[in-house]
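What follows is a pair of complexes built around chain A, which joins chain B in one and chain C in the other.
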Partner chain A sequence: MPEPLPKSELDELSSEVRPAGLSESPFSEAISSEAPFEAYADAVMAPSVPVALPEGGFARRRIGIAFWLSVGWIALVILLALLAPLLPLHPPNDTGVGPVAQGPSLHFWLGTDDLGRDMLSRIIWGARVSMIVGFTSIAIGLAIGGTFGLIAGYYRGRIGALIMGCADVLLAFPALVLSLAIVTFMGQSLRNVTLALGLISIAPIARIIRASTLTFSEREFVAAARSLGARNVRIVTREVLPNVALPTFSFALVAVAIAIVAEGALSFLGLSVKAPTASWGGMINEGRTYLQQSPHISLIPAAVMFVTVLAFNFAGDSLRAFFDVRESAL
Partner chain B sequence: MVRIGRSRGGGDDLVAVPASETSSEPAGSPGLGASAASPASALHKGPLLEVSDLRTGFRSERGLVRAVDGVSFSVERGRTLGVVGESGSGKTVLARSIMGLLPGSRVVREGSVRFEGMEIGRLSGDAQRHLWGAQIAMVFQDPMTSLNPVVRIGRQITETLRRHLDMDKRRAKDTAVALLRSVGIPEPERRLEQYPFELSGGMRQRVTIAIAISCGPKLLLADEPTTALDVTVQAQILNLLGDLQRERHMAMILVTHDLGVVAGRTDHIAVMYAGQIVEMAPTATLFSEMRMPYTEALLKSIPKTGDPSHTRLAAVAGRPPDLVEPPAGCRFAPRCPYAQDNCHREAPPVQTDDSGRHAWACWYPVGTPEGTAALERNLSAGRPQAVMSVVARERTAEPFAGASAHDDQGAGASRPLGAEQA
Partner chain C sequence: MLRLVGKKVLYLIPVLFAVTMLSFLLLKLLPGDPAINILGPSATPDAVKQLDHHLGVDKPLPAQYTHWLANALHGDLGRSYQNQQTTVAALKQRLPVTLELIVLSQLIALGLAVPLALIAASRPGGIFDRVTTSLAFGFLAVPDFILGVLLVYVFAVKLHWFPATGYTALTTNPAENLKSLVLPAVTLAVASMAVYLRLLRTDLIATLQQDYISMAKAKGMSSRYILLRHAFRPSSFSLLTVSGLEIGRLIGGTFIVELIFALPGVGSLAVQSIFSRDYLVVQGTVLLIAVGYVLVNFLIDILYTVVDPRIRHAGALA
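Moving on, here comes the complex of A and B:
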């Protein structure tokens, strides 16, 4: 322990250190204690208010097992949907391949429905519809809504206000009613359902992309690019877009989940793909009347859809948390 | 004054410069290369950059914020101008208005900025873009934000080269490696593949400098290039800028709040306060014969290594004035230890010394009989600004010892102006 300074010297030191009138500062106590220098150093070095650690610390920046489970499930669904024609499955639309409305068995893993069709086969073929509608409609939304969002966020001003005004009008329509109207008007088909859901997704996607474009186009690297003589198109596509892409991607996954649910709702109402074609929402609808006797006919497609939508949400959310690095953590 | 190339044709000539000039001699004598390609720059005998009566304001709800209010200066080829002032004095807005980097409907820009005799504001958008990056480049304050975080270093450098100098991919890459090496980055090939977050702050600033000099600009604007950096790295970066400038015969405008930074590295210094240049002189003259009380206050506020511990820092009391409604008289008057009644009423005219190279705007300049008398009067009247300025420290006698703000070595040893301390 260092030799304590004589009291008089300490007083001098402390009076010099602290502004007059601040006698209750943390220094005063520290300096009069036994080990003046250590305590003094502590008082000076350690801020009185604990400094909050940056939020995005390293511990938080692990993406976690839930993400990989979700990705695994999504990959499985996509793979099965892609390979459906090659898999040794019963034809999905053939009636009477097995007993009627039987629960899961060795031969029919997910059972059979009220017409004796193989549920597993129908689930897998139904996944094709869900995946095509989910991904394609969001791709349409990203292409159109993303472009408008980038333009609105980068140029702001009148152009931005005009675009966002249009988006607000689109948002004001009840989504389900709009898609019902489109599908009934244009006719039931995979393409029309996809287009309808794509149209609905444009406005929310445009808003999201505009929001993150707003922040990124204020950043200094955009000014730096401009100072190097880059034109606006180049700045938007080469500087802003790569930064916007990350948060957009995670949002897009959630949007796919929403689109899958929306397709399910439409086919539950019988407005998606036409009758014998398997789709998850349609299967839930078909089993509706047998809920008491054979609940599995509705519940299994419902569960598959639930898990799939959950997986998309989870994956999107984990990605967002993972990429959402605060400035302070950099 | 020769005024060639103010037409649109002049602008187009300029476009041709970098492509032919720099491809044959990237870092070499710009004078020779330019004479062949660009009659405008060869014939232009005046200063490289002339700024006259530049005014930049921002429309706000309270009124027009006059961030830059009537600034005039010129920079000769290969010379360095230091622009000094505290935060909010308009330095950055000045740099950005020169670059035309303040877009938007709320910006009001008046006055003239001439580069090699060409009025930049009158060039077409395309001609301006060919000027920026190729002829005038900028280094920003914070290398953490001025590099795109999700783009590899390599592409950030080569993009400019390919655009302005029409290089193919491979040549651009080779040039990028050479550039990174010239700014002192080890293992440049590996760096090209890295993202900005993988580099340290100093390295990142070296990268931004490499990008800025990549097309051999004639004028480099450095807006507080070392403010965001570590003290030891600051000196390295400043030395690097100085070396590159000499090698490439670039003119440079070095914007900083730190008089210590500009002391040994500039030819001229302009001191800015509240959007105006209040004193401008050759560097040595400014330090030896400063006239403006604000310059004096800035210099006093640099901590001195010779001082005993716990010496109170001589800060400039108060804040810069409101730029929507600046004070009627001298804008520094409310904070000035020399201020008299007329300072508050009437803005001082710009005066120059006999050589005409030292200009200041003050009624009671430091070091003149009137100034001394004014300070005496304020002291005896007990005006707080005056009392504080004297009580704080009597240090005007040897202003250079502490010129470098972060000097930590020879305790109190008085060093010549601009002594390096890398």
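Moving on, here comes the complex of A and C:
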């Protein structure tokens, strides 16, 4: 049985304590000690249009064309990544399949790099790395961090404080430096990169899920289930989890974007999958030397990565606005 | 309020303790024998034993930790086995570069975000508002290493306004120093600016819907006065928190930018020592970054309590 909230924590939860706009989102509980991951997520997910405009001219529940464009791009990237071995592409690591460092042409749609490799092929094969690392590492983070977050949010008290204390300690460590150290010492491979990024996503995800769980475990339907004699495990899995799942899904898309960027940073430093395996960050880095003569070698993968990250952010943000019942009910 | 501060200090102590313990354990958890990593696979058992002794890894773990912590408290974090420089000396040399970079980037970010947010929030849903919020959303999707490469391409390769890489110390030549830090600082500032802009704008719009703002309007005060004097301060608290967090994040998050622009800061020290498996330097750097992060967060928490009367009074009532 969870204990009732202590007074101080109730104060923290009440919207009196902080500006009204921020208490609206389940993601932004406890502003006073947020993690950068969450700050970023908050910033991405801050409502683009405020709750109630004086003019009142904006509909809240709105999934616009930009959302479908984002979803379409994500679907395209995933599809190409999945089908890469079946597509009629030049082998991504074969040098000299075309002229060296040439811009986009009819035969090589995205041009060739400094070793005469087909950039389109390398970008599609690189997408495999980004997607596998992005989705798998966040799945790991959700499985472990999500479980701890649910427990901490539902039981509060000592268990909750202990879990959140551990999360605070983990958050103090520089995430990217840590993953860099893990990959360097454990060896460069897709598996180790995914594990390292999954590991560093646990603490921030736990905090976010806890915040979201806190708001739901105080609701009437939880009290109702409890008074009907439901056990804690049932309440958490059947009453709280389905409600937490929706905002979590929209947040998870943003988290995948963060993981893709982190993988990009590692491969930019040459620490993700080993060369010559294609990865977007690696391609951006390889092209840096040729910025003067043939900037496309760096700029095309950079643009692809930017659009992909933007699409994930935008899809997550739109879904948040769509799912947030409290905003649209009024 | 003092009670609140006291409570936070009580929380700070175990967190700091755990952070030092984890920094210490970090290198124990990683696979591989430090001595063999340092000396190479062909090292003689004698040499390994001697180095083990030098590194202190031949004692039991708790003894190693207390020894290490006691030394650390005395300002001794060991030496680099590569150039024999002490870790503390290396950090002392590198820290000013990183701090200058962080301060400069935050000045740029806040200097742009605050006025833009004020203008955007004064007419929510207007053209200026929509353009700036969309741009900010776009900026959030630009990874720092991509932005760094882009800025080098435009401002160093094409326009030759700034050097692509390199660093001049502030004491050697202040003008050159600033020139070498502009591009890296802007690279870091863009994401922070986007975060601040979106946050402050949302808070401002929420504040502007409060009754006391209508009251002020009814009294005939100008919109500019209301925006600056009545709405800005109560809307800026989460901005304060988040900017503190940004600084905390940047302490360990500048290394990519430092590497791209070849700046001799703490981040590039961390990466170089990881690459060269310079265990004690890695450990010392991670410790500095983690403790720095915890302390910055602590200070922001305290500052938040001091500035916001609502929290101050909530604390007094508890």
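Definition applied: the second predicted complex is superposed on the first by the 269 of 330 C-alpha atoms of A that agree within 3 Å, B and C clash if a C-alpha of one lies under 4 Å from a C-alpha of the other, contacts with A are read in each partner's own complex, and residues count from 1 in each chain.
Throughout what follows, a contact is a pair of C-beta atoms (placed from the backbone, for glycine too) under 8 Å apart; a residue touches a chain by one contact, two chains touch by 3 or more.
None of these values were measured; they are calculated from a predicted model.
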Exercise. Looking at the overlay, what does A:Leu246 touch: chain B (first), chain C (second), both, or neither?
Worked result: first
For this session: Answer with first, second, both or neither: which of chain B and chain C does A:Leu180 touch in the superposed model?
Result: second
For this session: Using the superposition described at the top, determine whether chain B or chain C touches more residues of chain A.
Result: C
For this session: Check whether A:Arg238 is in contact with chain B, with chain C, with both or with neither, and answer first, second, both or neither.
Result: first
Problem set entry | First, second, both or neither for A:Ala321, with chain B first and chain C second | neither
For this session: Check the residue A:Ile144 against both partner chains and state whether it touches chain B (first), chain C (second), both, or neither.
Result: neither
For this session: Would you tell me the residues on chain A in contact with chain B in one complex that are also in contact with chain C in the other?
Result: 16-17
Exercise. Touching chain A in the complex: which residues of chain B?
Worked result: 96, 99, 101, 103, 105, 128-134, 137-138, 140-142, 144-151, 159-160, 163-164, 197, 208, 211-212, 310
Exercise. Tell me, which parts of chain A touch chain C in their complex?
Worked result: 7-8, 11, 16-22, 31-36, 39-40, 42-44, 46-55, 57-58, 165-166, 168-178, 180-182, 184-186, 257, 261, 264-265, 268-269, 281, 284-285, 288, 291-292, 295, 298-299, 302, 305-306, 309-310, 313-314, 317
Seminar exercise, completed: So, in the complex, the side of chain A touching chain B is made of residues 16-17, 157, 219-221, 223-231, 238-239, 242-243, 245-246, 330
For this session: Would you tell me which residues of chain C are touching chain A in their complex?
Result: 14-15, 18-19, 22-23, 26, 30-32, 124-125, 133, 137-138, 140-146, 149-150, 152-153, 157, 194-195, 198-199, 201-203, 205-207, 209-210, 234-235, 237-238, 241-242, 245-246, 248-249, 251-253, 255-256, 259, 267, 270-271, 274-275, 277, 282, 285-286, 289-291, 293-294, 297, 301, 304, 310-311, 314, 317-318
